[in-house]
Amino acid sequence: MNFAIVVHGAPYSSEACLSALKFAKAVLASGHSINRVFFYHDGVHTANSLIAPPQDEAPVSEQWQEFGTGNNIELIACIASCLRRGILDETEADRYEKSGSNLAPGFTISGLGQLIDASINADRVVTFGV
Amino acid sequence: MNFAIVVHGAPYSSEACLSALKFAKAVLASGHSINRVFFYHDGVHTANSLIAPPQDEAPVSEQWQEFGTGNNIELIACIASCLRRGILDETEADRYEKSGSNLAPGFTISGLGQLIDASINADRVVTFGV
Amino acid sequence: MSTILFVFSRPPHGSINAQEGLDALLMGSAFTTCSVLFVGDGLMQLVAGQSTDDLGTKNFSLSFGALKDYGVTRIACSKPDLLARGLNKDDFLIEVESLNAAAMQAFIRNHDKVLNF
Amino acid sequence: MSTILFVFSRPPHGSINAQEGLDALLMGSAFTTCSVLFVGDGLMQLVAGQSTDDLGTKNFSLSFGALKDYGVTRIACSKPDLLARGLNKDDFLIEVESLNAAAMQAFIRNHDKVLNF
Amino acid sequence: MIVHTINKVSALGLCNNLIAEDDKVVLLEDGVYLGLQPLPFLVFAIRFDVDARGLGGLLAAHTESIDYSDFVRLCAEADKVCSWF
Amino acid sequence: MIVHTINKVSALGLCNNLIAEDDKVVLLEDGVYLGLQPLPFLVFAIRFDVDARGLGGLLAAHTESIDYSDFVRLCAEADKVCSWF
């Protein structure tokens, strides 16, 4: 069975981002697949490469990167949510003439159509909200 | 009368950041002063220089920068909150070996002691929470 | 093609949830059959006469008038939540069906996917 | 020197509010006279036996045991909110005064500043 | 006199026991929805937030609309401000 | 059968009218506090979240603790998942 996972919560600020990761790992461990993870609303903060959490807190953002890259799963951050919240890849940084970019490896910035496409094509959609 | 203002909400995600700005402007317009604005919790996202909001939405983060610089008011972003959320000045970016920094002009990253100091020394403390 | 029910439960303006939910609904309706259900303080998104000029934020409530043009199939709200807020449908800026509990449960059952905002 | 009352109203772990509030209280108690009042689901921060090993987050509830050592003057909770949750003070990991409405109002009045988290 | 600010409907449950008879309540952001019903306090609501939500004609009779300069004046007159969110 | 997830106490008010008799409810994050009282649904609570909050011994008798693999299985068995937050 194929799952789409939607994440609305930022790491640390909300537990949603961590719950979604545990769920995603369990989906694969159960023999199911994930067609896409879509980060929307404050969830796009997960894709910020500049996060430097304390040693005694789980590095949720890094764990998502490893999960996505290691399992070849698309991690999409919504472009409109990213622009409002200051998460930019190099293309967007150039377009808006910003001093640098901060999109973490393993994440891709793309449009809301990716959320709809994932929802339509998955067998199940599960949202982790705030 | 001297006010300390505490902001817990991120621009766009929460209205708190915009309310606090309107309040801060009214404080000065009423002939009072502001000893410090302290950005805590998700409020530190206000200090992200990479935000590129849509044309038809108020650029809250830029408005805070102008307010702070124009009125010579300290805008402090809590360091612990910043590290968890990926807001870094050049010093912290170097310390954590990150590719770049994203602290907007007009903001300073500093410790929680600045919140306590502002609270103790102000006549009134007003928090804009989420 | 999967049909999608969008559920809106947040009031407008206090956070961007409502606006980002509406963006998703408009996008969804370009791809497939979509409907929308307003519950809880999400009903407040529909209140007529919203004016954000002084607040300085976007008055996205104006877009609700275009939902039918975008092809959104059914626009409904929770009748118990409407009554609990002392509102009636005349307070709304567009026409909306109000559904009781059983009708809302059927509404959810009759769509393939549910996206909550 | 201004005294500060910290008010904690969020449950632990679901968001970082509770943890960042505690950090602020510990910092505050290094500078001036501080007390703390737990209200609403903030009372859940005090529940004994929290174990975050499997969740993988920080078990900051362990720090509550050190509040007195940090010089936090009074540690109190809302009695109505305690009763509403079916809890009693034996469920808590530290000793806490429970205050009725009038006592909570006096508690707020008797501090110079209030910081809410 | 203490000024209590409330910025969302659910926050009323946190503070209704803590508001004394001579205190004042300022509703802002999503808290202005609380101004639709009568409340047993002296209640003010930020006009910008009321207008943004289309509530101008729906406020309870005793809910007074104010602007930010009134809000600042209330804070200055109060002994302290307590923020509920 | 629909799986409804609830991740905070206040979200129950949004969905209690929308949960049908044969639906299932999964409590996670701060939603597990709802597991302290009896609820008129088939209720499951994520064990990691229950333990983190010290609620192991406090759950209502009919609230069943589950882990993430059970949560995935419930979602797969359901016709769809509806998330309340």
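Descriptive notes on the structure:
Order of writing sets the labels: A, B, C, D, E and F. Residues in every chain begin at 1.
Simple rule for what comes next: a residue touches a chain if its C-beta (ideal position, glycine included) is under 8 Å from a C-beta of that chain, and two chains touch if they have at least 3 such contacts.
Remember, predicted model here, so these are calculated numbers, not experimental data.
In terms of the stated touch criterion, the partners common to subunit D and subunit E are B, listed by label. Path length between subunit E and subunit F in the touching-chain graph (shortest route): 2.
Ranked by separation of Cα centres from subunit A, the top chain is E.
Taking the CA centroid of subunit C as reference, the farthest chain centroid is that of D. Spacing of subunit C relative to subunit D, judged by their CA centroids, is 38 angstrom.
Subunit B and subunit F have CA centres that are 37 Å apart.
Centre to centre, using the average C-alpha position, subunit B and subunit D are separated by 25 Å.
Note: centroid distance subunit D to subunit F, computed from Cα atoms, is 27 Å.
In subunit E, the residues that reach two or more other chains under the touch definition are 7, 29-30, 48-49, 80-81, 83-85. Touching two or more other chains at once are residues 13-16, 55, 57, 113-114, 116 of subunit C.
Within subunit A, contacts with two or more other chains are made by residues 12-13, 15, 41, 54, 57, 80, 84, 125, 127, 129-130. Chain pairs that touch, as defined above: A-B, A-C, A-D, A-F, B-C, B-D, B-E, C-E, C-F, D-E, D-F.
Across the interface of their complex, subunit A is touched by residues 5, 7, 28-30, 46, 48-49, 67-69, 71-73, 75-76, 78, 80-81, 83-85 of subunit F. Of all residues in subunit C, only 11-15, 41, 44, 47-55, 57, 59, 61, 85-86, 91 touch subunit E in the complex they form.
The touching residues of subunit A, counted against subunit C in their complex, run 6, 40-41, 80-81, 84, 111-113, 115-117, 119-122, 125, 127, 129.
Listing the residues of subunit C that touch subunit B in their complex gives 13-16, 55-58. If you check the complex, the residues on subunit E that touch subunit D are 2, 13-15, 17-20, 79-85.
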